[in-house]
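I'd like to ask you about the structure that follows.
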Amino acid sequence: MKAARLSVIAGIAVVGLALAGCSGGSGGSSGSSGDDSRGPITYVQGKDNSNVVRPLIDKWNKAHPKEKVTFKEQSDNADQQHDDLVQHFQAKDSGYDVVDVDVIWTAEFAAKGWLQPLTGKYKMDNSKLLKPTVATATYNGTQYAAPQTSDGGLLYYRTDLFPTPPKTWDEMMSDCATAKAAGVGCYAGQFAKYEGLTVNVSEAINTAGGSVVGKDGKTPTLGTPEAKKGLSRLVDAFKDGNIPAEAITYQEEQGRQAFEAGKLAFLNNWAYVYNLAKTDGSSVVKDKFAIAPLPGDGGPGASTLGGHNAAISTYSKHKATAFDFVKFLQSAETQKFFVTQGSLSPVLASLYDDAALNAKFGYLKTLKTSIENAVPRPVSPFYPAVTKAIQDNSYAALKGSMSVDDALKNMSDAIKTAGSGS
Amino acid sequence: MSAIAGPASTRAETEGLAAAGTRAKVKPRRRRGTAQGIRTGISALVIVVWCLAPFYWMVVTAFRDVGFTFDTTPWITHFTWDNFATAFSTKLGNHLGQALLNSLFIGACVTIIGLLVGTFAAYALARLDFRFKGIVLGIILGASMFPGVALITPLFQLFTNIGWMGQYQALILPEISFVLPLTVYTLTSFFREMPWDLEEAARIDGCTQAQAFRKIILPLAAPAVFTTAILAFISSWNEYLISSQLSSDATQPVTVAIASFAGSQPHQEPYTAVMAAGTIVTVPLVILVLIFQRRIVAGLTAGGVKG
Amino acid sequence: MSAPEIVEPAARAPKPPVRASAKKVKRGERRVALYLIAPTIVLLAIVIGYPVVSAIIMSFQKDAGLDSATGMFVQGGFAGFSNYAHWLFQQCATTGGGTAACPPGNLGSQFWNATFVTFFFTVVTVVLETVLGMWMAFIMNRTFKGRGLVRAAILVPWAIPTAVTAKLWFFIFSVSGIANAMLNTQILWTSDEWASRFAIIIADTWKTTPFMALLILAGLQLIPEEVYEAAKVDGATTFQRFWRVTLPLVKPALMVAVLFRILDALRIYDLPAILTGGGGGTGNATTTLSILVVDQIRQGFNSASALSTITFLIIFIVAFIFVRFLGANVVRTQESQQKGKL
């Protein structure tokens, strides 16, 4: 049967190709040769929502015709961006030269040896940046990435109900009576079981004076009365109805929707909500809201630091160009462009004090306070396991099926198992 | 009971089958027809409503202005074409049009090659005698038992090593493998039911084995073949996990393209644009199905289809 | 209809059978069979066989651990069965070097819960989809005006890419979404323990029933009209016709459909991941085994390989039971039923 014979040949061809490929060596080089060479590079980032990257790359390419940058855009989902980077790094792909890493992945990638340490000829000048952002790019005392954008939590509040924002958590909780009288839910953040929950729980614990892990970034420090105070605040607010029951399903967008529909008095969310709440057609709070730093305990609250860093891959073949591109991303012009074009939060401290920018972007000043008082999430190479430990147990506590003490103890134990590699 | 029983197979028998299977023309039960017709009609209506209601909501959302994404009015309010424009726009690096073509191409390759390969195997399993049939069936079934999510990393490394990363082959070959077990099992099961006496009679009359298969068995198995084709195509159309890792910008299918839609701000979810893209993506499939739906119910007519 | 499993060349009258040539034909047949099956086996071996084997090998290696001096990851060594013990017996390594029960928050503690959730989803969705699919297949089988449109409508749920469907249902089931609006309730579909499970079951049933309906319809096509006529002449009621005529005759197609649906349901990932993120209840009410695998891949690939292998074995056992005891005739001829009935 001719057809049968053809199919056998086809089958053998496939096998042959596979074997030839396998024995032909791995897909990427180890990257140790040609570190200093210059040449075209690829910049990898998640979805460029606000269309800032392409114009910047065009500008760079015009000025550096021999060292052009190609933009590889990933999906919009953080987990997928993470997994995509991991796949390429594991395959030692030299096709990814400069990568944009979320602040929580920097330690993990650094510990796996995938990021070029920024020392020696790659040393960066961090004096003009907001201090907390540099901490996120440092692992084990060495800097592995260059901060390029930041983000902090802001308190959005209804000016028609509260002429001045609450300064402490207790004040906000007593303000809830006014909110209830007006028929409006009191406070919400992000409490669904995902990374946003870790952000909110860290904020609560850090604001109360506690910490999730110690200075080494590994040892859990959740056994303190301050940590208990922090987590209890959220649990009690759920119990008393000060946080509406449905907030347990909220990610960023659901909270924004509730606030814009006028159903919330206070919202804890990133800076992006500011513009949307002012311009969305369905927003009923357009002229009735303002922002403030998160309520603290005598001083602004400790918001959780967000943002992204730019890092050079160890496997890149054109590290000198990559280094220059990273410096370009941190330059004053680029950072200003991030603000004006993309409404992103820059890392360059001076921009926050610029009068013209402040006039146009009303959230900048508050955002600076927020970032200056921000605490990063645990800088741990086992971050996926750490955040899972925090999410699972605090979610159970918020739901009321686990006591706060048990939740904190389990969190500690689970973080410890993450450290021992199991 | 069965009109096909018995070893005496002749051409007349085949024609008899054809006549018997032409359901559309048989109308002996006029009296009970109306009552049953009404029941059928109501059932059909219920089914259509159940199947289309969420799709309706998807379309309503697709036409709604993005500033009113969370509006729950059951009909279209704040009508706009913007979301469709956003879905197709290439400004932010999306290429839905290209992705549609990719999906169609990949789907066609997967379906055609998968059916070809599957039919060969099914014929052997149904018709020929050899010793390790059980083991072969077991291996083929076993391929459907491993969690797909765990295949991504090894396949990523395999295709990077071969140098096929981001090319069509890297998408088509895995998808064929996912579709093969079901294809082989379905076709084998149907080939077993075929009247092989007819085939043997044809061979006695002078056809080769292949000709007899093609001319007698395949037409009778047409419903099964077309059903399997549709299953294979839609399975490939739906595939996301592997495509997201192994495709490049130029070769990404619609599932990956839609997943990379973004709002104008980080953290913002572009629901309305995604719904618009979903609507766009469903239309070609519905058209395909409308064209081929007659073939799914060919009945026992030897090659003739009365829809 | 007689479809003999084994073709005996000697049985065909016109050919003079000789022992030697009968054997030769058999050998020739085996060779042809080999050629026909080879492409399938080769393709499956490369795309699925190779990852499975490498997963099994990796599952016996430890994940990379942190060297406390340098702070960098170094290769873990041989792990023996410790990865398997981690999942099956919830054994976690402690800093002291021994093992202890895995605390909540560690993925190992979720294995049995995930197994329960996966089986629950499988049983409920497969039963629902079989019943509904059968009903839809019967309707599609009948003759009436506009049935082409009905058939196309039935396939719409399945034609929408899963990622879009999941987002659509996420949207429908959000607290202020259309589901709560129409039912006039405030159900927390994505976070209540049972509401989240039912949300996934509803979305999955909506999406996948067409698959069952299509396969059952193809099976129904093979039943000739005369069979029903003869049964009616014999005085069978509608139910009897269904139970003793239709069902046995559609069994081959039905069994294939149900078997593959079970295999797919046991590996379900997309829908729960996007709809609820595996959450609900105390946080893991809808975490399936595949979701657990993906979460574990982010934390350590070798342990994830062990989990994948365990999942594979679980599915294998389920399929084995199904084929052996329930659907034994998945690919065997139905001549026994046909001869016996009517």
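Chains: A, B and C, in written order; residue numbering restarts at 1 for each.
Keep in mind that, in the parts below, a contact is a pair of C-beta atoms (placed from the backbone, for glycine too) under 8 Å apart; a residue touches a chain by one contact, two chains touch by 3 or more.
What you see is a predicted model, and the numbers here were worked out from it, not measured in a lab.
The busiest chain interface, judged by C-beta pairs in contact, is B-C. Chain C has its Cα centroid nearest to the centroid of all protein Cα atoms in the structure.
In whole angstrom, the spacing between the mean C-alpha positions of chain B and chain C is 17. Centroids built from CA atoms put chain C at 37 Å from chain A. Computed from the mean C-alpha positions, the centre of chain A lies at a distance of 40 Å from the centre of chain B. Residue positions 1, 4, 7, 14, 18, 83, 257, 261 of chain A each touch two or more of the other chains.
Among the residues of chain B, those in touch with two or more other chains are 70, 117, 120, 153, 158, 173, 259.
Each of residues 32, 36, 39, 41, 43, 46, 174, 176, 297 in chain C touches at least two other chains.
Within the complex formed with chain A, the chain B residues making contact are 65, 67-71, 78, 91-93, 116-117, 120, 152-153, 156-158, 160-165, 173, 209-210, 244-245, 249, 256, 259-269. Those residues of chain A that touch chain C in the shared complex are 1, 4-5, 7-8, 10-12, 14-15, 18, 79, 82-83, 86, 111-113, 139-140, 192-194, 245-246, 248-249, 254, 257-258, 261, 381-382, 384-385, 388-393, 395-396, 399, 401-402, 410-411, 413-422.
If you check the complex, the residues on chain A that touch chain B are 1, 3-4, 7, 14, 17-18, 20-22, 24-28, 47-51, 54, 71-77, 80, 83-84, 87, 90-91, 93, 252-253, 257, 261, 270, 272, 275-276, 279-283, 343-344. By the touch criterion stated above, chain C contacts chain A in their complex at residues 32, 35-36, 38-39, 41-43, 46, 62-66, 71-73, 76, 82, 86, 92-95, 102-108, 174-176, 186, 188-191, 277-279, 281-284, 295, 297-300, 303. For chain B in complex with chain C, the residues that touch the partner chain are 1-7, 17, 20-21, 23-24, 26, 37, 40-41, 43-44, 47-48, 50-52, 54-55, 57-58, 61, 70, 72, 74, 117-118, 120-121, 123-131, 136-137, 139-151, 153-155, 158, 173-174, 176-177, 180-182, 184-186, 188-190, 192-197, 200, 204, 223-224, 227, 230-231, 234, 237-238, 240-241, 254-255, 258-259, 271, 274-275, 277-278, 281-282, 285-286, 289-290, 293-294, 296-300, 307.
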